[in-house]
Amino acid sequence: MSGATPIELMTIAGSRLLRDGRVVFAGVGAPLEASVLAKRLHAPSLTIVLEGGSIGPRMLPGRLPVSTNEMRAAHDAFMLTSINDLFLYGQRGHYDYGFIGAGQLDQYGNVNTSYIGDPDAPKVRLPGSGGANDIVSSCCEVMIMTRHEPRRFVERVDFITSPGYLNGPESRRSAGLVRNRPVAVVTDMALLGFDEKTGRLRLDALQPGVTEEQVHANTGFELLVSEAIGELPPPTDQELAELRWLRDGNRIDTPQTREVTSAP
Amino acid sequence: MSGATPIELMTIAGSRLLRDGRVVFAGVGAPLEASVLAKRLHAPSLTIVLEGGSIGPRMLPGRLPVSTNEMRAAHDAFMLTSINDLFLYGQRGHYDYGFIGAGQLDQYGNVNTSYIGDPDAPKVRLPGSGGANDIVSSCCEVMIMTRHEPRRFVERVDFITSPGYLNGPESRRSAGLVRNRPVAVVTDMALLGFDEKTGRLRLDALQPGVTEEQVHANTGFELLVSEAIGELPPPTDQELAELRWLRDGNRIDTPQTREVTSAP
Amino acid sequence: MKDAADKRMTLSEAAQLVQSGDTVVGGGCCYSRTPWAMLLELVRAERRGLTLARNLMCYESELFLASETASKLVSSWVGIGLRWGIPKVFREYVERDPSIYEEWSHLSFGMRLMAGSMGMPFLPTASLLGSDLLDRLPAEHIRCPFTDQLLVAVPALVPDVALIHVQTADARGNAQIEGPAYMDVECARAANTVIVTAEEIVPSEAIVRTADRTVIPGFVVDAVVEVPFGSYPHECHGRYEADFDHFDGYTEMVTREGVAGVQAYLEETVTAPGSFAAFLDTVGASRLLEQRRRARELVAA
Amino acid sequence: MKDAADKRMTLSEAAQLVQSGDTVVGGGCCYSRTPWAMLLELVRAERRGLTLARNLMCYESELFLASETASKLVSSWVGIGLRWGIPKVFREYVERDPSIYEEWSHLSFGMRLMAGSMGMPFLPTASLLGSDLLDRLPAEHIRCPFTDQLLVAVPALVPDVALIHVQTADARGNAQIEGPAYMDVECARAANTVIVTAEEIVPSEAIVRTADRTVIPGFVVDAVVEVPFGSYPHECHGRYEADFDHFDGYTEMVTREGVAGVQAYLEETVTAPGSFAAFLDTVGASRLLEQRRRARELVAA
């Protein structure tokens, strides 16, 4: 098995955070891939929910969805419902994990997917919230997955599309966000947690082969550091093989490529 | 055809108020029978909606529903949905008519189906609002059908389950009931309308063979009188025959008894 | 419990999920798709002092009062149907002490469950405005922050337990409903504990094949019990009609004997048979099959 | 219109129901079950200055801006999908004038439509709290009258017109949807005028036989148009996959030529063919059938 790419490291580390029997509301791309991988390996009873109304889908390897609302995202789901229904299960507290990506992220876990620069005269218009704002406002434990780059890890996001701890736990509480919390940021370099007292990001563990200095060099703010920094176990051959099969599938889509691992 | 009973007079007069192509939210019993009759005779495109979630049902003669939520009430419907959905179409303004019965009714069209006597020490507990309160709060035009008896037509209801004009149009407006209005009360003796200025009940037309004096004698309050009291045309043989077939059907329920009149 | 892959259990095991004093909401509507087997299981298990909430109630209202299973009822309407009127013993209890019965309108009751199912503490509605119901209820006037329109805010109903009877579910609790959904979905989403009884437990593959018909996802469900004829003597859409003769017999007995009649009925249908399956045996297969035949006449297109 | 027994008409007749300046909401989600044929019919009919609202938007966003069909967009997300990113011309328009784009979160947008569909002027939600989105939107903080919980009230969205594409409907507009319903039901209930396009118009008997699958009742619908492949090149659940090659071709052209590329695309797919059916002819039957085959692979259980 050839060595893991940074994205593979990140996706596999993300997948390991998901416990069996739980419900994860996953964004399309790496969070969804991490969730599907977890379901195939150690969490067969994990329920994946996707923004478009798909509950419990199992993916066809090689035909992962390009958007969360399409037929590939509905494949072998056990419930296909409306978008509002799907989100309202979250607002009711039924989703254990919310798992999203981030364009720009700051030391309090605030996420920007709307504007780079001044929103009234933006340098770059990004795709927007979609369900990300709703996910961080409602899913019990919020996790974020993103490449670890200085342009992404900024001191203060230009625009808070999806609130993390805002300026700290008290500001989050007084904004009315009292029912859930951000818990982790997974990157290709590290696993970060949040300091309970300040709500600031904290380096908890390093990806294999990455140094603490490299993490700091790629973080645009002063990152808190855990008392004992761990090291994430390297991807196993099985994890890598499964992830690659998921992404690439077979060239020819036939019923044999269909996933049959676990019950919904 | 033998002569019409008082209930038949009332039901047939009610059925004539319903125009083709409209939507009527009907209570079970006489309002529903009037609606089904209208649909079979002069209003084939009338859509009947019933509290239990049934939209556009056609009834099996001889098997009219005993409650609005049961299979007989769903027979040949074109949509079966949830109760909230069904009511919310009304709150959105999609129902032209709301058609209910009344235990007790006063000069402002306020309806009581909750308590006779003091609600804290009631003489009689009635079945309650069900959807009646919601129907009068949301359907565009509200019609009430009830036997014309002094114990029903009282000066002031003991309890307002379903508001009419309360104490007059201004009190209705200031209570927030600004989007619809009560328009008619149909009885076995007369057709009553509402005086626009005072919101009080007004005798508009008499059932065949009934005198104005008889109506007053059976009304427990001072009933306004239209400048020109009309007389309702007597039931036609066809109306009576259809209504009786609807209620009695054939003894043996076979597919042949199925209504096939109109498209949904 | 909710993350178990197989939630199948017996009625009596499911009854263990309900504590005396709980607020229990029942699915269905009046005598349709009532979770009858599970309701009677709570009587059998001698739960006490429940608050029973149901959008329209049938004579389970007086079964629960007379057996002391419930000390309070919440609904918008209590009756058996046109032919039988209001349950006589229910009426006696409420006339004696009106505080045991909380009356909403149908939609305002539904909006309370919808609020609960949305994770919101309240919802606005145009119902109840101007009525005397409003004065006696824990609901409040509210004005729209945009239009200043006067409305009623109803508080969320978040029941401890929801009892839902459906046509089909899988072992994990993914449930599908045929015919009107009534308020079952809102009940299941709002409640903290959900017990699903089903006419049939089907393989998950059958659920997946018809995923757009699934209305309750397994992750809200705590228990799944296969109970054929689980609504009998009430109806289950497409499967069997309500047994009106049974209603006749019941109401005659209660008209004659009052609360003692209710207790005799519970003795006959709950205590003496000892289980719901044994109660169905006392009804007899041919009578049940006749109810099935009558249902087919109504749904066959 | 709504009380007509037969509401069938052509796309161009249906376009007459939309006035320049209207607020139009589109059903579906991103590139799924988009009312594509009807959207492009509005371009063909030269409607101007529309406000186009859709929960997630695909590249109809920039088609409407570049053709001046819309002067404002309301959504929660605009993108073509992971592989193609954000529509380049949409981005240019918004970077030049951010006021033409109103950004909500997915659920808060949905709650606006749900409020409209419920006949309520607002609904509460826990979304938007603490975000910078809230500061730029016509939404307000609100406190629960019972719990004092801090929430966000969003104002109802009551569109002038809703465009909905479904798999099946009858002539009266009773519509059924396969797969996820997205926000189509809320759109249809909230809007004042509703145009339904359907893969197939079926006899009413077929709707009656499966009445619990009907999600839009005819009495809210003004026009029904049969348009096979009415979402193409987007997907229609169970019927055909989105044509990713078509997306590739489109995005290459727009990357290369910017707004001129968008206009060339409209020339090729709207103006030159003259009708949606003629556009499908330019695509060719074998390509459409291949998209059907690919859809079957994904839904066959």
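The first chain written gets the first letter, and so on, giving A, B, C and D; residue counts start at 1 in each chain.
Simple rule for what comes next: a residue touches a chain if its C-beta (ideal position, glycine included) is under 8 Å from a C-beta of that chain, and two chains touch if they have at least 3 such contacts.
Computed from a predicted model, the values in this text were never measured in an experiment.
Student: Name, by label, each chain that touches both members of the pair chain B and chain C.
Tutor: Chains touching both chain B and chain C: D.
Student: CA centre of chain A versus CA centre of chain B: separation in Å?
Tutor: So the centre of chain A lies 56 Å away from the centre of chain B.
Student: Once you find the CA centre of chain A and the CA centre of chain C, what distance in Å lies between them?
Tutor: It comes to 39 Å between the two C-alpha centres.
Student: State, to the nearest whole Å, the distance from the C-alpha centre of chain A to the C-alpha centre of chain D.
Tutor: 28
Student: Check each residue of chain A and list the ones that touch at least two other chains.
Tutor: Where chain A meets two or more other chains at a single residue, that happens at 74, 76, 80-81, 88, 91, 138.
Student: Counting only residues that touch at least two other chains, what does the list for chain C look like?
Tutor: Those would be 119-120, 125-126, 149, 151, 179-181, 208, 212, 301.
Student: By the document's touch rule, what are all the touching chain pairs in this structure?
Tutor: Final set of chain pairs in contact is A-C, A-D, B-C, B-D, C-D.
Student: Residues of chain C touching chain D in their complex?
Tutor: It comes out as residues 119-126, 138, 140, 142, 144-147, 149, 151, 153, 155, 177-181, 205, 208-209, 212-213, 301.
Student: Given the complex with chain C, which residues does chain A contribute to the contact?
Tutor: Those in contact with chain C are residues 20-23, 44-45, 47, 55-56, 74, 76-81, 88-94, 138, 263-264.
Student: Please output the residues of chain D touching chain A within their complex, sorted ascending.
Tutor: Touching chain A: residues 29-32, 55-56, 75-79, 81-83, 85-86, 90-91, 94-95, 98, 101, 103-108, 110-111, 113-114, 125-133, 136, 141, 149-152, 179-186, 235, 237-238, 241-242, 244, 294-295, 297-301 of chain D.
Student: What part of chain C is in contact with chain A in the complex they form?
Tutor: Contact set of chain C toward chain A: 3-5, 116-120, 170, 172, 174, 189-190, 204, 207-208, 211-212, 214-215, 217-220.
Student: Once bound in the complex, which stretches of chain B touch chain C?
Tutor: 28-29, 51-54, 60, 63, 66-67, 69-72, 74-76, 80-84, 87-88, 91, 114-115, 119-134, 137-138, 159-163, 166, 171-172, 175-179, 253, 255
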